[in-house]
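Some structures to go through are shown next.
Here come two complexes built around subunit A, the first alongside subunit B, the second alongside subunit C.
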Partner chain A sequence: MGLVLRNVDKVVDGETHLKGINLAFETGSRNVFLGRTLAGKTSLLRILAGLDRPTRGQILVDDVDVTGVSVRKRGVAMVYQQFINYPSLTVYKNIASPLLRSGMKKADIDRRVRETAEILHLEDLLERLPAELSGGQQQRTAIARALVKDAKLLLLDEPLVNLDYKLREELREELQDIFRQREAIVVYTTTEPAEALMLGGDIVVLDEGCVLQAGPTPEVYRHPATLRVAEVFSDPPINYLSGRIHDNAVYLGSGSDEPVQGITRSLPDGPYRFGVRSHHLFLRPTGERDIEIQAKVTLSEINGSETFLHVTYDDAPLVVQENGVHKFKIGSAIKIYVNPDRFFVYDEAGMLVDSPDR
Partner chain B sequence: MRVRKRYIALFFYFLVLVVPIYWMLNMSLRSNADILGTFSLYPSHLTFKNYIKVFTDPTWYSGYINAIIYVTLNTLMSLAFALPAAYAFSRYKFLGDGQMFFWLLTNRMAPPAVFLLPYFQLYSTVNLIDTHIAVALAHCLFNVPLAVWILEGFMSGIPKEIDETAFIDGYSFPRFFFTLFIPLIRAGVGVTAFFCFMFSWVELLFARTLTVTEAKPIVATMTRTISATGLDWGLLAANGILTIVPGALVIWFVRNHLAKGFALGRV
Partner chain C sequence: MEKWADNKAWFLVLPVFVVVAFSAIIPLMTVVNYSVQDIFGPGNAVFVGTEWFEQMLTDHRLHDALWRQFLFSGLVLLIEIPLGILIALAMPKKGWGVSASLVTLAIPLLIPWNVIGTIWIIFTRPDIGLFGVGINSLDLLEVPFDHTARPSYAWVTLMAMEVWHWTPLVALLCYAGLRAIPEAYYQAAKIDGASAWAVFRYIQLPKMRGVLTIAVLLRWMDSFLIYAEPFALTGGGPGNSTTFLSIYLVKLATGQFDLGPAAAFSLIYFLIVLLFSFIFYQALLNVGKGEKAS
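Coming up: the complex of A and B.
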């Protein structure tokens, strides 16, 4: 059956950390919690683990209420953002510790520990202490300890965030393989849209303690139900342009009377907001359907081999993501091209009314 | 040149510190007549008479045994009370935790003399006067708060996630506490034990008031050396030297962690 959260609230010292969470997780599913810092990802994870009790609401595992059940009897495994290992035990004993308490036979424990260590490339480090390992190896040890027992619920709280870029890429790929082989509910939290997309599965978008949207990850990416979801699930956050629709013609900006040529949207008349992701804004036309926007450069930042160009158009800030390293003079006027088919259309309340087909 | 000046100052400081101890050592190796008769920078008529007396006369050496018994008792008791208390203060939030934590420290601020009469009266009533446990218990008054403060500092340096991981792994609380947690703060436990030992060892007021003969510690015995023939200087000095020895030994063992202990574990 799986795990169900029913009307879960968490209030700490009068501050609401989580509000009205209703979620269901199927056994064998991969779940990603996506949200900015302080969105409530970790709070929710701790409630799932049984480390914290919800202020209100229930947690059901296979239709049995486990809300007050101690974490020792939950059959969960957890990996923290910080590298948490027992500093006084060797890597081998660290990995073996969940099994030692379960009353397993010594030979079986040994086999399991060595198997798990092999998956995470720790087989040569088993006799070392955690303090003698690099950050990546320490986190591998923590992950190995979580994987060594067959927990029904595997929780990972931003496990790769404190690792350097190269290690992250490497470990992220390995983790995907590991998750695929497991018969457990895997929950993984992250702040990065790219990481969420890479892991796939199902996604829960959290913001300020509320679930904004839940569903299959690609589905949510293509149809972010509200402007806020689109903001959280885009990096850099989605751009939006104010405008209106009149007689199926689209007018951009506040004062323009000229409808944007070539696009029609069969939507009721009224004001709308058009969202477009940064990588759909270009500095050169890419097709005949592109429209041209006159904008002013406010900032240009280089990120790896990409340039993020911050511009303003009609007082609205936009970010253009452009491949390659470019230089722009701040304050100069430039032309930006965008295919209107890429527009997400939101109404005044920020609810999605139309999204691109692909 | 600058370095030199500093060394001169340090040397002077060291001299000031060491002279009294040297003088005590000097006296302990001379006879009374020699001490009172001539001024000498070193023992010209070397004698171990004073030390031999301390080690053969039960009224003297029993003082050391008594002191060691109640100091050990006190150190063990302080740790036994303080370890769980410090864990609670470091890990849990409860009503009035901050106030209670501070109140513990105020026990150290009050002069022990304030508590002397109540202790004496109470222990007389329950027949605890002149027992080792009486002194050990009385010393808990200032050692437990200190131990709680030091241990809390060390414990708060261990991330809470380690506790949680242990519980997720299925450790019971006592098992986690004794097999995983205490090894992590063993330096803290050592430093705490040292401070308890030190304060209990040098404390005179309680130790003297609450004992008569059976549990009388060496510091109390030493204050009673005035006899009809006057002060026994040499014997007193020999005892002084012997009293320093255990402290010096313990300091040697915890020297690397002492600074952290003085900062109550908060470094």
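Coming up: the complex of A and C.
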């Protein structure tokens, strides 16, 4: 099965939620929608599911227009951010609920429910009510409800966002295995670049209701076509330094007259922006090619076993991601090292003109 | 366990003890005091033990009032709870209609009880009342409608008053409960192909369990203690047909000035309300939880 969105727009009360969406999905593909809050991820999922009709445009399944077909006949399954289960039914009945209207035999339903429960490690909890489960188990039940009926289209709307860190990691790994075994189009939305990378497959980067870039996930990560894509697809958002290129020499910062030694870029002269991800900025030199940047500490935040050091260089804010827990004095001067080979080069319009080889 | 350095923290609880003592314990103890004495006059009382309790428990007028009371409260719950749910389901979910329907529903709740009595007496009067004149002009009833004429007419009027007055409270509570259900539940049901009845039965009703428990308890207690409406309408008549427990109690205490029996009666009354509130609470807490896989 192939699913195609053609020129899809969604306008609600004069507000554009989605604009000119053209996408194609193949059966067996795993797709991640990455975007910040209000980027249009959920709106797009709802249209894919058939819960909403697009204002303009078409949805084709195997070349058949299904734009107006009701959600019941679409063969979709969906998992939500909240843990959605029928509150008065046991886990068993919850998992069985999508099959009840399918005309399946009771013995078959029982077998399917038990199989699915096993995949999600719910076999000992079948007699419980959702309220008697932990958050992770409730979401497992909701996922089981979605998996049990072998839908052609499996949609997951930020399913792990309401779980704590540990459970999220655990379930994320299991989901990868589960998706791999599915003969379905899997669509998964997230705001987290790390999650998108982990799930692999294809990615669609959304922002303000538009598709910014679509393609295989590692490909898009290595070559973010615009500065905005690079911002959305980096956590913390990608840093960029202003500069210019003159006679193939790179000048960093606004007022510098000295070219950065050791790097050349064969690009036309003019102003550019040089993007570099936070984990490619270091506090110690890591190689011969590193250049040194004099910056000032503005904030230091500790996240788990990592330290995010916010600094300013030439009025541009930068974030350095450093392993380990470190303490820095706010306002102090600090030297930062970066390998210029890591630079993504964007022109003034924010389009990618050069990216690192690896 | 480690011993605390001092017990000053107890002083922080003291104000609550004082308030509860004055608001509940002391008044209740006064009643307990009356219920075990025969009082002939100031400073002239005889301890009678459980005599008043025995007298009240075997009083057939109290039995009649009690059954009347159960019938009335049962009917109130049977009508108001489903009706309130239906109104809440029918209410608009967005737009100007929301505030309009909320304000309209709140009106009966804002009217003082004696005004409500007066409104309904005038409304049902057979000579000038809109309802009374209206129904009699249709000539359907064997005996012309008059809420003071027949027990059934008094009951109908009383039920109408009660339902009109308090169903809005149930509806408002249910509406709040419905609004708290995330949209995703309805979407999930839609994807499952669930019918409107299934959505009500498996999503809305279970999600309203909390507010419905409160609604049932409030309406149960309040209707079991009803006094103002029958008092304003017929004062317990015609005959004794609307003499509910409160009406009878007031007649006993301030009409006949039988303070001892009235005090014993009050305590029994209190225990009945408490017992049934507990039963309802437990029942609602556990209803629907026994559904196991078949």
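The definition used in the following text is that the second predicted complex is superposed on the first by the 357 of 358 C-alpha atoms of A that agree within 3 Å, B and C clash if a C-alpha of one lies under 4 Å from a C-alpha of the other, contacts with A are read in each partner's own complex, and residues count from 1 in each chain.
Convention: a contact is a pair of C-beta atoms (placed from the backbone, for glycine too) under 8 Å apart; a residue touches a chain by one contact, two chains touch by 3 or more.
This structure is a prediction, so every number in the text was calculated from the model and none was measured.
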Clash-or-fit label for the pair subunit B, subunit C on subunit A: clash
Partner chain in contact with A:D164 - subunit B first, subunit C second, else both or neither: neither
First, second, both or neither for A:R72, with subunit B first and subunit C second: both
Which of subunit B and subunit C A:L129 touches, first, second, both or neither: second
Touched partner set for A:I84, first subunit B, second subunit C, both or neither: both
Contacts on subunit A seen with subunit B and repeated with subunit C across the two complexes: 49, 51, 71-72, 76-78, 80, 82, 84, 86-89, 97-98, 101, 145
Touching residues on subunit B, where the partner in the complex is subunit A: 159, 161-162, 164-172, 180, 183-184
Interfacial residue positions of subunit A with respect to subunit C in the complex: 46, 49, 51, 71-72, 76-78, 80-82, 84, 86-90, 92-93, 97-98, 101, 126-127, 129, 145
Sites on subunit C touched by subunit A in the complex: 182, 184-185, 187-188, 190-193, 202-203, 205-207, 288-289, 291-293
Subunit A - residues contacting subunit B, complex: 49, 51, 70-72, 74, 76-78, 80, 82, 84, 86-89, 97-98, 101-102, 145
